[in-house]
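Two complexes, one shared chain (chain A), two partners (chain B, chain C).
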Partner chain A sequence: MGRKRRKGIDPDISQKRGSEPLRRTSDGRSSESAPGCRFDPILKRRRAEWLTSLPTLTWLGLFVVVPTVLVFVIAFRPANPYGGIGGGWTLDTIRSLWTPSYLAIAWRTLWISLLTTVICLVLAVPSGYSIARASEKWRGRLLMLVIIPFWTSFLVRVFAWKSLLHPEGLIKKALEALGLVGTATTLLYNPTAVVLVMVYTFLPFTILPIYAAAEKFDFRLVEAARDLGASSAQAFRRVFLPGISRGLLTAFLVVFIPALGSYIIPDLVGGPSGEMLGNKIAQRVFTDRNLPHASALSAVLVLAVLAPLIAVLALQRKAKKSDIIMGEAP
Partner chain B sequence: MAEFLEFRGVSKRFGAVQAVNDVSLEIKKGEFFSLLGPSGCGKTTMLRLAAGFEEPDAGRVFLDGRDITGLPPDKRKVNTIFQSYALFPHMTVRDNIAFGLIIAKRPKAEIRDEVDRMLELIRMADQAAKKPDQLSGGQKQRVAVARALINRPDVLLLDEPLAALDLKLRQKMLIELDLIHDQVGITFLYVTHDQAEAMSLSDRIAVMDGGRIEQVGAPAEIYESPRTSFVAAFIGDTNFLEGRVEACPDREYCRLAIAGLPGIHCFNDKSLQPGQPIYLSIRPEKIHISRERPEEKPQRNYLPAVIEDVIYLGSNTKYWVRAGGYRIQVFRQHARYFLDEKPLRWKDEAWIWWHADDGFMLDHFRKADEDLLAVPPQSVGEPLNGK
Partner chain C sequence: MRRSRFPLVVTALVLAFFYLPILILVVNSFNPARFSSRWQGFSLVWYARLFESPEIWQALRNTLIVAVSVTAVSVVLGTAAAFALHRYGASRLQRVHYTLIYTPLVVPEILMGISLLMFFVAAGVPLGLFTIFLAHVTFCASYVAMTVLGRLQDFDFSVIEAARDLGASPWQSARKVLIPMLMPGIVAGALLAFTLSVDDFVITFFVAGPGSTTLPLRIYSMIKFGAPPMINALSTLLLAVTLTAVLVSQRLVNRRNSAGNPGTKEKFGT
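Up next, the complex of A and B:
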């Protein structure tokens, strides 16, 4: 019964569940009754699915998979003095990454990204919540406000921050006038400036998925929790947050992964103390002209990005599976 | 028993809509009390005012002698069963039921025992590990009941809890709710638009319309002596005839002047005076119908009639007849069915009669209920009042 119910709710699962047993039987009999297979509507549909996704797959293969594989391959090649790639294979480049200076930058990349993500989530949850609860008229306006920054070039906006945080800039002068900072304090070229601008940049990307989840959330559940004795904070934590968990997860990934690979923001407002892995890779390519070294760094970064993604996907699949198993239990 | 949950002069407005308009209502301890009315009559707002989801613009709400106006929902010893059940989708049945006790930080062992007891009460001990989306409608409903009752509220508020269920299940849950009310003995405030639900469950009913209470009373009282035309028309079916009091030969009965229907008598329970305009209401099941002319008796009103429509409903038949120019509906219960009986058919001539005690007079009539009047100018097959 649980399974039937699920079908109605999640077409994705039902489709898979519905087609799998059928496919198995047709595969099993393919040796005996091959002609029957040709007109199997499921196989036919599969072929159609392949055809329609072919352009996307080609694109992804050419511009994502092949370059990534190349980066991984080059990481194991020696560099030559002319900025090219030498012959043979070597592990020296990978080994050379294990130095305190790189580890410090890797660590900084990680904590800046995590801190940015956490701040974004903390700011976005109340924003998404209040946009979802706003009246129809206001919802559109508020969403518009979230989207408006996208109309200005990203680079221009980061430059704007640079001038705002500049020793002669508006924010610095205002804080000085209020006596909150001394004249010696610099707001620019440090990790704090990087985090500030990254939060600014990624906040809309966090608000949107959280708003989408909150908008679908049934707020009567919050009422039910309040009715059962929960304070508004308890209802928020125990009912609302679990209710928008998918949105939170999306928001996390959408910020954390690009943050790990960010280059422009630390380059413009970070200074030497705010450098991240992205800056190091650029330096290896443009300043040192050492492609294997840059590739090795990139490979590490790609793995660092993929690891949380794969972990999350695996967790989700596990959760889904256990749900289905429970649904089938009598 | 004294009043337990009390609304005193409560009003609530949403924008241009006056949802609740100066309502005073007292509900006794242990009572099964229903708020009955059409959608938009303000009954759900009353419930939300009791739960604390809304605050009244004017008036106060009292619970057990304490003013609870302004208290947030979590500070009121009142729990709600929502129409949509509002079960927490990410929690199991057990965790849903335990929610109130977990929030109240009760000891683990106690929570486990209490939840087990509740699962026993709703007969779902074997479903405790399921998530709400694996349950049927009836099961969800029972979990919602258990989740609310486990907090031992002073008042249980039920917001159309059976509306989402199909007929058979609704009848079953109706009995179950009644049993639960008997077992736990707490006050139930039940909101519904379904008169059958309200009638069968309630100790008392308040009929609401347009943000006001039209009448409060026991189910039989509401049905048999409605105070307003709205109540008469909303609860069950009825025929309305417009006229005035002609004479009151004795203290109990008076003769009415209704155009086209001379000499109708009615019990005068409102001590109306001759000359006063009235509306006579007669329930269709109180009217007898037969081919033979009935015996003449004092206080018996009888009229010749022509059958215009016959609607066979199994346990009874509904006749639309024309008498004195009025279209009147009559129910006939099939106590015994004779195969050789010559049934009344379309265009047959027949007699209808009812006792003067079975009609009741309303001294005023709301403009909005005018289309409920049995008006003359209609022919067979023509829709009622051009609707």
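Up next, the complex of A and C:
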């Protein structure tokens, strides 16, 4: 990285401006000393900007951008029998995705993710609302309580649910004792278990942006609506919800996108009937060792993730415009 | 005005929903019974078993090697990036920079795992602790950048200008003024990076090689293949460690900010 930095930027600067300002500093300071800055502030500024940005730009370029491009490239390569990537190009892998079994997986991934997102939003709106309306002291405490669980080990939380839903687990035994389920019913290894555990892991991520939006919301608007004759349900639906729309959109994204890429949860509590796209990717990598196939599936997932992201960004831009029209404080 | 009790009830239920599974897990770690539904008295038998297991110690060692080196590198990268983003935020370069830093925070982990695996396979890098390290820095640096950036929001740059006017070089003013003032943010970012590295499973799972089993990989195989209640004990210990780290980092982040402004909020782009 260091070499690149020197090659890429320094010659540029020293050639254009010479090292004259540098020499003038008699006290032997580095080239970035204060007097130099006074001579050419713009160039110095650009140089400092590149110096501080280049490490992350290089790192993320190498380990995020290049690998992502590679996934799309490898999707068009044939697999070789040794579990590696063969030469030449092929469309067969992409074509092989268009089969009923994959379409079923894609559909399940979509509905599980959507259902999880909807349940999370339904639970997060009242929670975010009551945290925003709590007293200053309680607000901090409640927020802390919401934040703590998502800091605990993700695997541990999934495991906690797995043992609760286990045939010998507490929930199963409790439901049996209440006569709600028979001994033969399994709570584990079905799509419902996947949705339940996904709601559990993603809910804190949903509450925070909704709280952030609700905290900025001017609750006098709701009072005004009530004074003008709106029922509390109407005031909630037509004043409060539009008022926190940006928080709702953010909350939607922070659940829906990772949900699409879920892998551990369906793997540990989903069973064959709860498999999602992420499981298929992992199977292609670890079970059949077919990297091009895994790449093609991942490329589909990338596109699936980009679609809602772009849609929401467009919506948010629109929302920003309507905010201005409504004359709300930014 | 009469306010509905409904939201409060939902919040209480949501909090119960959050904590009950964790609580039951902790309680069960002291339960000698093999299945969690029957309480058979307090016991530390699972903890004892845990400490006798050599695989756990090996996994712990790997985890710590990775986490410490990841923290060191991502703190340097993330702090420099946060500084650039804050100072030169308006430039086109910084907009690209910000998008790049934001990407690891929104991309599903499995995509990062698979793309890094492809990259390492294509580049011929042998999979092991080193590839885990590279992968972890890739997302940890972004989290550090966001945490330090939050701290920079209320940083007064006239202090730096004052230092420069008094004859300090940019390097001196950074080392003696900027970095000490940002320290709480940097430490919070470091704790965050450490916790995330210790906890990461999905990305590690893809880029790990033979002999580089970390703690989460170990836990996963324990869960997957015949869950012994030893995991309860291990989970409880992990919970204790992460909670301590989080509470310390939250305290550092919130020292300046109001209590209602957690440093993690940047993650959601609000």
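Here, the second predicted complex is superposed on the first by the 254 of 330 C-alpha atoms of A that agree within 3 Å, B and C clash if a C-alpha of one lies under 4 Å from a C-alpha of the other, contacts with A are read in each partner's own complex, and residues count from 1 in each chain.
Please note the rule applied: a residue touches a chain if its C-beta (ideal position, glycine included) is under 8 Å from a C-beta of that chain, and two chains touch if they have at least 3 such contacts.
Because the structure is a prediction, the values reported are computed rather than measured.
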Partner chain(s) touched by A:Ile257 [first = chain B, second = chain C, both, neither]: second
Dominant contact partner of chain A by residue count, chain C or chain B: C
Touching partner for A:Trp138 - first (chain B), second (chain C), both, neither: neither
Partner chain in contact with A:Arg226 - chain B first, chain C second, else both or neither: both
Chain B versus chain C as contact partner of A:Asp218, first or second or both or neither: first
Which of chain B and chain C A:Ser295 touches, first, second, both or neither: second
Chain B versus chain C as contact partner of A:Trp107, first or second or both or neither: neither
Partner chain in contact with A:Pro209 - chain B first, chain C second, else both or neither: second
Set of chain A residues, in rising order, touched by both chain B and chain C: 223, 226, 232
Residue ranges of chain A touching chain C (in the complex, touch as defined): 29-30, 32-34, 37, 45, 48-50, 52-53, 55-57, 59-61, 63-68, 70-71, 74, 84-85, 123, 126-127, 129-131, 133, 136, 139-140, 142-149, 151-164, 166, 168-170, 172-173, 200, 203-205, 207-209, 212-213, 215, 223, 226, 232, 246-247, 250-251, 253-254, 257-258, 260-264, 268, 278, 281-282, 285, 291, 294-295, 298, 301-302, 305, 309
Chain A - residues contacting chain B, complex: 1-2, 5-6, 9, 218, 220-221, 223-232, 234, 238-239, 242-243, 245, 323, 326-327
Touching residues (chain side chain C, partner chain A) in the complex: 1, 3-4, 6-8, 10-11, 14-15, 17-19, 21-22, 24-25, 28, 35-37, 76-78, 80-81, 83-84, 87-88, 91, 93-94, 96-97, 100-101, 103-104, 106-112, 114-119, 121-122, 134-135, 137-138, 141-142, 145, 164, 167-171, 195, 199, 201-202, 205-206, 216, 219-220, 223-224, 227, 231-232, 235, 238-239, 242-243, 246, 250, 258-260, 262, 264-265, 267-270
Of all residues in chain B, those that touch chain A in their complex: 51-53, 72-74, 78-80, 82, 84, 86-90, 99-100, 103-104, 129-131, 133-134, 136, 147-148, 151
